[in-house]
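Scrolling down, you'll hit the structures one after another.
In the two complexes that follow, subunit A is the common piece, with subunit B as its partner first and subunit C second.
Up next is the complex of A and B:
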């Protein structure tokens, strides 16, 4: 098709043809970007949920250890006792309060100094301080947490609110440590007050870097406006989750002296957070969702601070488990972990490893049972910050914008008035002042997702290579795209459009086949690793996070050190549970080599650092830039 | 390794590509996609249909009683045919450059944002305001405030 054809063709006709061409081309370009944006999203989600499955793996490891506890008595690490050790507090409440009051804050500290009971001066001081990147002194954190714990103890599991006292209630979803989002919400919507009540629906912490600041602000407002500020518990308000997803680390880094005690208090505070809120007896708000067993009346009677999702469920129950405690645990886990699905029915949520997938029929039944009209929940990231499903009976509200990466999604909040019709407000925090083009946003998010995906490939390298080679009998280094996609899908077990992703992950040879070795090309170990075989290195890399959690549990005083013996025993147990064969000599050699100063203990953070990877292309960019 | 040149292989590979692209937009994992995403899927598979072309395709793909969704069973044969017959071929860079040159009637070597906006929002298959804004944000040189269309091409 040529545009500049005969002279008889009018100018208008030619310009119209040109316009159509450009429009056709541009729409195709945008569609291509949209496809990339979509699969980038899929990648982030798959990896996130796979991480939650790892959590289930870890729990099953702990129960495996419990099963083998007799073998370990006297010889094994003190891991079991560490896990079983609920925070036994030898101090009485009064003594504790006095102790905090007596902590001396040096003159040089320039941050806010809180005084209880809190006033608006205190919350304003906190907001200003955090905007200027200051840290609140450990003393005040402890006092704040202590007061919050006292306050929460007298709250019921389910809180009933009414819109008649204020014009509208604002409901926010997951914040995940993103202080920028919280500040943006306060900026757009005003601070909490008697005229401006708020509900925060869980997952305040983990992943983002300012989880501490967020909970300080939220708890401060909670104490200041107890009738107008409400917090629901999320699945991340849990100490095992915090070990894995970063909150524990953040606290220990910001509070070297008081960190441990802060974490202990936090454990109590989290377990005392209410589980649900009901507005006007019509709107139910919970963090995750519901199941076909959910019953609000039963839920109200549960002793919520005794029910800890995951680990302690294995630990605290003596066989035969009293049926009531099992049921209580189930109800709470369902509330905190479930996700809605589009098909009818209620099935186990295998993705997350806890809670259910609940269908429209389950929602309908529950709403009818308790004469409700709407369920508001959070727990899942949505591109627009919110999403409706189940014929508008379920709303997901998510308040952490750019959750996966810069530009990945908006955040949102809901305003609900007496007519109970939700209004949605969206926003997106932006790091740069200049607005990025669609192309730039997609590129940044995609880069991040692909890096994460490449690390997954690297972590399973030997398994993948072995499977690739099964198709490559002549040892050419190449297999078809089909075969490549099949292998990757079955080994990684991530439901992603592998064919569409292939151009970003592996090279094609001249004959159109995939050079399978190229998937691993631009990743390499970050530091010279201790003398271990490649296989062992890979296993260590794959289970870095789990090991980190286990070591953190062993290391009760958070010194960063554990004994060589503890390390050896733990590693042995872990690998036998995984079914990975590692001989004792190798472990001994490795243990000895990482005990750099030969004092019988290792700095496990250093050790884990050795198994970090770098992306070679990033390194090149850094060197050039 | 399978014989890469057999017709069957080509069809199978094509269908797998289609299936992959479809899955990206199949949010409920029940082999249906929202009809409004059909254009994106077709284009992401390398085709350059016009809006009118899409309109016709969608009419073919919709159910007797339109549900707002398109099922995979209907999409696959239609899309396979489109790809194997190489319909809606890509627009080459030469052609695109010519198109810009046609619009640049005064032969300035660049286009003013207002000029381009006038053409693309009033002629052909008009852009929405959103489409126009997005294109301008990517295409306009921030210093000179014009569209240096020759720079788009290598």
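Up next is the complex of A and C:
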């Protein structure tokens, strides 16, 4: 203690000493909390991007399927075309419009009834209805989408706007199905109108539960104020992404009769969304980012509705495309998927599986080339809802608050006036009426992140155990912290502070070494040390998202049921692709155990619950075998 | 060699598994410090450097609790304007951290409770929230109002009193 009064025993001296002691402890508490917050954030981000990388896995499976048509015992071509053909609707445009008009809406429907062309009454009715958790009737959804498609067809790829006719333009980032955030923005900033123009920068759907409501509102305003409402396409405005990340499921659940047709129309509408917006010839707005190949003039000439931005390019049955089409595909993918990085240069974005990492020099070059001064993009979640980089030349704007978890981040939007200086507005939707303390928020987010991380550990259990055991020659069940950290990092390939995280993931033994089996404990309680060979349950766990997508594709009518035969076929194919040897009997046993009501079809909405049954079956097998 | 004893007891009632372990003991190996160092590195090109201003936070995140004065002393008494500008790389940070670790005993759970007891006028195990706020914001290495608020959030009962043993455990657990 370097304060003179520490030697005095007066009351003042003791108070001072006590105050300092408390303050010291408090500062330590805060620093520790900050560290927990930071690594929680790192966990969420690295898992999110690693998940998106799994798309590559899926596409390689499709290629494999195409290559192995002959191995499907005569059911081949049917299953493949069944899987890959989109719904073909031979109706012409006029006939379709008539068909929608003729859909009868029952008297008992109490939701909004839209009339085209839309008016403010309609948009107000929609907003009120959605606040009351009502669903818009399928007829109006179809009509709305149809009108939107017609409208978007005549829009260019790059839209040029001016601030001269309005005070300020509001720019919003990813919403990802969070209706609460959209309503909060409208509440704080006002509804779109001629005096209050908006740009929404992509990723309106997926992950959140109200993606349908969001696009209905956005498209309605688009039709109502075509000159003052602008939507850019995001990487999630794509039907394969929607299959994986929840939008397709949401539509099918809310629209049992018309769902398939709605999805078909949505596919068209998404592919027609413009790719970029430019304000005052100075500010470029795209969803993902740019690359060193980006050229706005070339981009303007691309036939955007023909370019499928991601997966389908792998699935094409045609001969290799001519160079021009490949270039077009490249340009669009770069716009929708790229992320900025801090180092100079432009490298392939292996994390996402598409697009680039672009450095400050790439930004500088592009801005200079087109005489721009600022790039606004979204695509990445940011703690404060926005972030500047590349010396202020790039702004990331993200509008879905609490994206990872309650309290994880704020959302934000930008207001840009004629002087082109951005103003930022932040917000956070909070479901609880009581304000959570910082400590509680960190705790909740951290718990969620750690659970996700533990699931990842479990999914790669056998590889991890094999690697651990290489260090543990005497089979003690323990290895040093460094060895543990090294193994986990190399197997999971997630760049995280493993040593700092170790106390939350694995136990220490009395001698200070890590009991490596303990990192699998919370997921499967009461398990003996698991066997090393990859078993069925683990494979299922690891690939469950992919499986869900494949099953969704098989289940053409999205009824939630597939036949046991279809299930068996696909599962066989999938496991042979992965190189996992599973015999027919095991598959049949599994299929039968899942078909609880023995009616010959599987309800795979509960399939993922069922894999726990499988696990038990498996364990029994191990014990008997 | 700094004593190896744990500085505080584990939280008594862990509401759910796993409660965070109390901050680590003074003996570190550099690899563990490096992990935390990287978390605080905010340089645009990931140069493994932190500012002088972050140094205190990092040392605290690693489990020590020096006063601000001690941090400034070990950094060589930099001027205020240098704090955000001057940088430390990992090799410069490590000896600083070790120096703080070796400093004489930091005080235990009991010392902390003793400190709070100074403000326990009635000797009944509680302190007045208002008085504590005043003291923390005006004496010693003053805290800012929002820092005080953050610390005290949810701690005061209906009469504005804080049971300080519970308070101490709350701080220890973080």
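Note that the second predicted complex is superposed on the first by the 549 of 625 C-alpha atoms of A that agree within 3 Å, B and C clash if a C-alpha of one lies under 4 Å from a C-alpha of the other, contacts with A are read in each partner's own complex, and residues count from 1 in each chain.
Following the convention adopted for this analysis, a residue touches a chain if its C-beta (ideal position, glycine included) is under 8 Å from a C-beta of that chain, and two chains touch if they have at least 3 such contacts.
From a predicted model like this one, the values you see are computed outputs, not experimental measurements.
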Subunit C versus subunit B on the shared subunit A, clash or fit after superposition: clash
Partner chain(s) touched by A:471 [first = subunit B, second = subunit C, both, neither]: first
Which of subunit B and subunit C A:337 touches, first, second, both or neither: neither
First, second, both or neither for A:503, with subunit B first and subunit C second: second
Subunit B versus subunit C as contact partner of A:140, first or second or both or neither: neither
Common ground on subunit A, meaning residues reached by subunit C in one complex and by subunit B in the other: 1-3, 14-28, 30-32, 34-35, 38-39, 42, 342-343, 437-439, 481-482, 485, 497-500
In the complex with subunit A, residue positions of subunit B that touch it: 1-2, 4, 12-13, 16-17, 20-21, 23-25, 28, 30, 39-44, 47-51, 91, 95-96, 98-100, 102-103, 105, 119-120, 123-127, 131, 134-135, 137-138
Sites on subunit A touched by subunit C in the complex: 1-3, 14-36, 38-39, 42, 342-343, 389, 437-439, 447, 481-482, 485, 497-500, 503-504, 522
Parts of subunit C lying in touch with subunit A, wherever the complex brings them together: 16-18, 20-21, 23, 29, 31-32, 35-36, 38-40, 44-46, 56-61, 63-70, 73, 107, 111-112, 114-116, 118-119, 132, 135-136, 139-143, 147, 150-151, 153-154, 171, 174
Touch list for subunit A against partner subunit B, complex: 1-4, 11, 14-28, 30-32, 34-35, 38-39, 42, 342-343, 435, 437-439, 471, 479-483, 485, 497-500, 511-513
